[in-house]
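Heads up, the next two complexes both have subunit A, just with different partners, subunit B and then subunit C.
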Partner chain A sequence: MTFAGWLTLFLFVGLLTALALPFGSYMAAVYTGERTILDPLFGGPERWLYKILRVNPEHGQDWKAYAKSLIIFSLAGWLMLYFILRTQTLWDFTGLNPMHFHSAPWNVTFNTTSSFLTNTNWQYYGGETTMSYFSQMAGLTVQNWLSAGVGIVVAVALIRGIIGRSGRSIGNFWQDMIRTILYVLAPLSVLTAIVLVFQGSIQNFSSYLTAHTLSGLTQSIAMGPVASQEAIKMIGTNGGGFFNVNSAHPFENPTAFTNFFEMLIVLLIPAALVFMYGKMSGNRRQGYSIYTTMMIMFLGACIVAYIAEAHGSPAQHAAGLHTGVIPGSTGGNMEGKEQRSGIAGSAIFDVVTTVTSCGAVNSAIESFTGIGGAVPFANLSASEVIFGGVGTGLYSILEYVLLAVFLGGLMVGRTPEYLGKKIEAREIKLVSLGILITPLTALFCTALATASSAGRASISSAAATGPQGFSETFYAYLSQANNNGSAFAGYGGFVQPNAGNVGSHGITFADLLGGFDMLFARYAPILFALGIAGALAGKRVSPAGLGTMRTDNGTFVVLLIGVIVLVGALTFFPALLLGPVVQGLTGHLY
Partner chain B sequence: MSGLGLPGAYFVAHMGAADFFGLVVSVLICAYLLYALLRGEKF
Partner chain C sequence: MKRDVITSAIGIVVLTLLLGIVYPLFITGVSQVAFPGNANGQQIYLHGKLVGSKIIGQSFEYQVGNKLTPTKGPLLRPDLKYFQTRPSATGEPYVAGGTPDNAAGTTFSNLGPNSKATEVAIAANIAAYIALDKAPNGTPYYPGGLTQGRVPVDAADSSASGIDPQISVANADIQAYRVAAVRGLPLAKVDSLISTYTSARGLGFSGESGVDVLELNLALDRLTGGS
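Up next is the complex of A and B:
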């Protein structure tokens, strides 16, 4: 461990908080219809979009109408993306397929489409060997924006349900989507893309370059409109790389500065949403208590991952490798890590992208030490409540808040209430389902894949037996269910002998089961969250009394962390024992 | 692995009998618990 490593972590936390506070206030203004600094710029396009889409922003929707609009919107998005990806060669006339790539097979495309629609960005394919620039821009990047928007609007709808005092309306889906894209995602994306280009990311439509190496070989250098996709990939916690190696590629993440900057923008919206919630609810302390909960768990994950990676694995020590800090090297477990990121830059990046639903990687998670690799597992096991994906993180932790209020109420023998609204059986049933549906789906898919030879066919041959093979499988379905998209590399769903997809085929079992995993674990919790919003929206608000349990103090933070850890541990601990924990306890190199 | 038809049918044919029995029992229990939870709720 180094001073610079710890400084990186604490500077990151300070800057994130300093940026998220004002951005949260700005977002509160966006969703409450107050005037914002960007109104002169986007007011015109916003009204024009309402006109052509025939949206009446004054018309509020109840939760069922809101959910219906969201499902129709998502279904249309799925069909459009599948069509674009399967007709890749038809779009050659645009000039945006300079390498003349064919379409990927139907099963891989099913997986990819479901993946980008659900903000997962799980990728069985490598971008530079599979996708044309048109598919990347008009297909995948568009869904990066829209899926991020869907997550945010669900969180906003749930907030309106919790704080609402006027009947059944939880807002207007179309208005929320348009305002999210124009006022939140667009300005951040433009600014980020400019910073990335300034640092060395590329943004072009050129054919791939051929370089002649010093040893006399030739190397193909992939090109493309990288910076614009990289920006929304991080801001929208999408995580799908333009290139196969994702943020380890120097065109996606060129410098140590961009590494830090990318981490910051991944957490910016999820952190700002928490402060937005505090402002919208009229009690900023509600936001602060949730933020503190998230930050404590986030810091814990960072510290464990950093120490574990800086220490190195038992297998490295058994092999006599030197893992201590020496001049010019950060020491530690550098297998699968980039020198420009180092141990801290890799460990923190990994935590940032696995507590959220981002899933971008700048290092190989499967090369982490057993305990370091258990951290992303644990983060995913917390079901996206430690900041989480854009929107999904907030609505997921609000469900845990309701559960904690209910359990706390039972413990002190009073009717549970949150912000003056009574929490009754119906809400708790929906909360339980909303919380448990994602882990249940992940474990169900992992069990199916582990128990059948069709599922085991996807495990890399090097890890065919033992805990690494189980870890690959478990991580694959856990990551897809949490809409994260990072991977213990090796678990395959696509066999591609050459770039361009000719002669390639998908592994149907893994592609379809993964697609189902992502779609079900995305939309079922969304429906439950909207259902909770609907159930709470019409409730009467009673003033806080002496018997009201406070939800904005340290005691509640401890209770909330306890509930999150308890649910995660009870659900996933047996499965974690079989994979990363076994690896961490042995000197065997997997 | 391509062209195998329904993946569900494929994996069932490649699964141990005990695993399959456990799967069916688990799914039935989950379905009953869900039914019991939502019984009487109107949406």
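Up next is the complex of A and C:
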């Protein structure tokens, strides 16, 4: 461990908070229809889009209408993406398939389509050996935007339900989507993409380069429109890499500075949404208490991961490697890590992208130490509420807030209330379902994949013996259920004997089970969240009295952390013990 | 219902055009005008031939004979006059002629922390690194000789991308003894080149400093002539 490593962590937290506060206020203005600084720029395009989409933005929707629009729009997106990916060679006339890649088979495409639609961005394929530039742009990049937008608008709708003072409307889905794309995602994406190119990311349409190396070999170098996709991949907590190795690739994450910058933009919207919630609810302290809860858990995860990775792995020590700090090297577990990112930059990046549903990686999680690898497991087990995905994190933690309020109410024997609204049986049923559906899906799929030989076919040969194989499987379905998309990447769903996909085939079991895992664990919780919004929207607000439990102080933060840890631990502890915990506790090699 | 279907159908087409075509083209236009070098991958040319990208690691090995080994493609040996990059998990023979550091088929090693396979791979990398340090007459270049415990972690652990363009300063300092001897250069000269091509931490704290290997090797060739 080094001073610079710890400094990175604390400067990161400070800078993130400083940026998220004003951005949260700006987002509150976007969703309450106040004038924003970008109105002169985007007001025209916004009205134009309403016109050609035949949308009346003034028309408020109740939760069922809102959900219906969302589901139908998602279905249209799924069909469009599947079509583009499966007809890859049809678009060769655009010149955007210089390497003449064929489409991936139907089962892999089913998985990939479901993956990008649900903001998961789980990838069984390698970008530079499978996808044409056209598929990356017109297919995958588009869903990077839209899936992020869907997550955000659900959070906004739930907030409207919680704070709503009149009627049943929770907003208009189309208006929320369009305003999210134009006013939130677009300015950030353009700025980020340009910063990335300035630092060394590439953005071109040329065919792959052939270099003649100094020592007389040839090297093929993949090209493409990388920066534009990388930007929205990070901002929208998507995480699907342009290249197979994701943000470890120098063209996606070129410098030690971009490593820090990318971490910041991943957490910017999730953090800002929390402050936005405080502002919209009329009591900023509501936002601060949630932010504090998230930040405490985030810091804990970073500290554990950094210490574990700096310590090094049993395999390194068995091979005789010294993993301490020496002049000119910070030591630690550098297997599957890049020099410019280093130990601290890899450990924190990993926590940033697994507390959110981003799932981008700048290092190989499978090669993390047992405890270092248990951290992303724990983050996923907490159901992505520590900041979480754009929108998904906020609506999920609000469900935990309601649960905590309910439990607190039971403890003191009063009717639980949140922001003046009574929390009753219907809401708590929906909250419980919303919270439990993701873990249940993940565990069900893991069990199915572990118990069947079709499932075990996906385990990498190096991990076939010992707990690593179980870790791979468990992580795969946990990550897909939480719509994260990071992987213990040895787990396979696509056998690709060569670049360009001739003779390749998908592992149908893993592709389909993973696809259903992602779709179900995305849309069921969205429906529950919108249902809660609908249930709360019509409720009368009673003024806070002496007996009202406060939700904006330290006591509540402790209660909330307790509830999150308890639910996560009770659901996942047995499974976690079998994989990463065993590995973290032993120096034994399998 | 019908209204939603119509709006969704129009919406997905219009948004695909805007976000999937217009947005990437706009970014490409801006990038190609403002930062054409970066946008095209910081290509380095030597005598009219492309030798690589400034930020993509390449292998400094040469091919021995035309025979293919059973697993790894052609037999490759490190070119001792060059600083060597980190171990790479790429290099399957089917992509791009069997070169390690394959920048058109990147991959992790995915070797687990408690895996025997990991120990074996790391031990092999350590042995190869120590072998680099042996002069033809058997004496080590590094004063006192290299031992397992002295090998920097980045020289024994494979990189994430498989095309890490950098090595740690400790790694470069050790290899400097060999490169200086093979090229007949004073060690101080090589060391000063290392500091010239060391990139600092981002903003002074983020990530780690590292030595840009391709640029360093090019500078050495300019000094003493390449192959």
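Assorted remarks:
To be clear about the criterion, the second predicted complex is superposed on the first by the 579 of 590 C-alpha atoms of A that agree within 3 Å, B and C clash if a C-alpha of one lies under 4 Å from a C-alpha of the other, contacts with A are read in each partner's own complex, and residues count from 1 in each chain.
Just so we're on the same page, a contact is a pair of C-beta atoms (placed from the backbone, for glycine too) under 8 Å apart; a residue touches a chain by one contact, two chains touch by 3 or more.
A quick note: this is a predicted structure, and the numbers were derived from the prediction, not measured.
Looking at the shared chain after the overlay, A:54 reaches subunit C, while subunit B stays out of its contact range.
Once the two complexes are overlaid on the shared chain, A:126 sits against subunit C while remaining clear of subunit B. A simple residue count on subunit A separates subunit B from subunit C, and the partner touching more is C.
Touch criterion not met for A:38: it reaches neither subunit B nor subunit C.
Of the two partner chains, subunit B is the only one that A:452 touches; subunit C does not reach it. In the superposed model, A:433 lies in contact with subunit B only, and not with subunit C. Applying the stated contact rule after C-alpha superposition, one finds that A:507 touches subunit B and leaves subunit C untouched. Once chain A of one complex is fitted onto chain A of the other, the partner contacts of A:329 are limited to subunit C, with no touch recorded for subunit B. Taken together, the two structures place no residue of subunit A in contact with subunit B in one case and with subunit C in the other.
Within the complex, the subunit C residues that touch subunit A are 1, 3-16, 19-21, 23-24, 26-28, 30-32, 34-35, 38-43, 49-53, 55-63, 76, 79, 82, 86, 94-97, 99, 101-119, 122-123, 126, 148-154, 156-173, 199-210, 214, 217-218, 221, 226-227. For subunit A in complex with subunit B, the residues that touch the partner chain are 64, 105, 107, 426, 429, 432-433, 440, 447-448, 451-455, 457, 505-509, 512-513, 531.
Contacts from subunit B toward subunit A in the complex involve residues 1-2, 4, 7, 10-12, 14-16, 19, 23, 30, 34, 37-38, 41, 43.
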